[in-house]
């Protein structure tokens, strides 16, 4: 077993032992799904967005997810309030810039969150990260319909500029902290047939970030764990919905030793 | 194969080739489900309701769904903004008047949307359409507990008055553009045991409206496709939730040639 | 068959005959799930929170659920408006104080709803009820991570003080109206692996409260029915998501005579 796989498997064990709270300020479409994914991987979910309580909720969390799908202005304010509390307490923030590139509102909000907060990990599809990095890409709604030419270079460059671990989802996920570049090859084509799998991957990265302070490893762990569960689930899929049921079952049942064996993370 | 079935099957092929974006401003209960249904039929979903971005989102869409479940005043404003942008760009709007007839707020909002916007298709249950047409009907919550006496006549009359294709859901769906009347006999009793199937049918109609400008045919296609998937799913159902999983799987796997053969659309 | 089991089974029959509307003002995470649970047990769900319509919606309902997950200030106002209408019309209110104890906002809102409205049943986990009763308990997000020492005594004491039936979820659920104490032993460990099962149990209690005016029996009936469905579903579970599908299927198919036989309600 290589060193990265060992670290990833150890991190999964830590999630299941410590059950960190993952506070989400996220979109309406995926709230139920990402709450379940959080539980299944072994952590505890909470969704809360009221300005009156986000500080208190964040302070008891191991990680904070900011996901800008179905965004409105009051939610941006809550994200900033929660984000500042997370930064003060040293709680990692994971940003999912859903639909960045599709509308100016989403692109600008993503940029604002990246500027005003210290984000640990940003995970998006190639179009979204392309829009944030200025490297191109095209987003139709929340779907990347055109990626970037060299995602490894884009991830590294944006990470270097911002100090944020950047993860670009795709057949191979590309991740960088500005120095190292990792590729994660776990996953399955069925993941493209259901809504919210990007958001779920982000939640997985956040659960790992709560227990692993090397955020590049945490992000890779989340994506490898999610992708491996998808591979195992695909065997039972008769369509997208039965795949989703199997995916959630597999996230729950996946054991650290299976992850250590099945994670396909490559150093680039 | 009759002409209508041929048109319907062709339209399904076009959805899968062109993958139109279907922009939803819809209720919280069904957001995840209708996003998945959109994907499974072959289109791309986006849910967005912020006034700052609905124009931009609508402009890249092939169709706009306005669904008034879990309605509040700010959402009405967003629906009107998005709707005007859709009208200017010639993008068809599909309205689901969820709960019209149950409260004055929902009845009046439905009427306002029908008056201020040029709607392509309105799809509701018999109670909801009855409330909008003044033909009677009774709605308890969002359920039609009393329909209208002659749904074919009600659909034709309301369509004639408004210039909107009217679709009334039921064991037989009745559709009219004010001149033609169609009946769609596909469907299954299991559809009445899960929440949001009306909303899903509306989403299906919208996906077809994005690729078929004869909106009566588009609406019939959406309802036939949805109902046929339900018939196929019923074989695997052990209850409402396993039916729902099978329904989504079947929407995804349904092929145009199967739809051409299985659609039961009658001209009345 | 003992008397309580007979009452519970009779109540389930009444739900299926009269199909009462259960109006929910509830959180975004569980809206779809609790709507489906409402339908599956035999009632009709509606989710509506606009101040313009909550009075009218409540007035046609058999019960009102107030669930404070994903709470914001405007929703509190809507809960109070709907709650007053329910009180005036004699419609039972069932409160789920999701996350009380985790943040001051949720604890205070729960207390305010209990003070300003006449609540029929409050159902929460041990940490939440502990926070409301001052008996201790610890809530992390929405999870009870530390219960109360003597839940039967806490339930009885809080019920006595407030005049509200108190139900504390757990391996054994403890319920009291201030005089009688009941334990419900139905349930399954799988229920702890998916999000929203507490909220679903609350919805079940509300469906029964719509047809059974002895609210201690109604609450016990809802929890026994939900727990028995979980026991039956566990046989088919391969993980949390397949368990959830089976749970919903079982709620739908559970017959009054099976409930009469399988309910495990003890008088303490």
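Every chain is named by a letter (A, B and C) in the order it is written, and numbering of its residues begins at 1.
As a convention for this text, contacts are C-beta pairs under 8 Å (C-beta built on N, C-alpha and C of every residue); 3 or more make two chains touch, one makes a residue touch a chain.
On a predicted model such as this, the values are computed, not experimentally measured, just so you know.
Asker: Check the residue numbers that subunit B and subunit C use where they touch, and answer same if over half are used by both copies, otherwise different.
Answerer: Different; most numbers are used by only one of subunit B and subunit C.
Asker: Go ahead and align subunit A to its copy subunit B using Cα positions, then give the rotation in degrees, nearest 5.
Answerer: 120
Asker: Approximately how many whole Å separate the CA-defined centres of subunit B and subunit C?
Answerer: The computed centroid separation for subunit B versus subunit C comes out at 33 Å.
Asker: Among the residues of subunit A, pick out those that touch two or more other chains and give their numbers.
Answerer: Expected reply: 28, 32, 245.
Asker: In the complex, go through subunit A and note every residue touching subunit B.
Answerer: Touching subunit B: residues 27-30, 32-33, 69-73, 99, 102-106, 140-143, 193-196, 238-242, 245 of subunit A.
Asker: Touching subunit A in the complex: which residues of subunit B?
Answerer: Answer in residue numbers: 21, 23, 28, 31-32, 35-36, 39-40, 44-50, 52-53, 56-57, 60-61, 244-250, 252-253.
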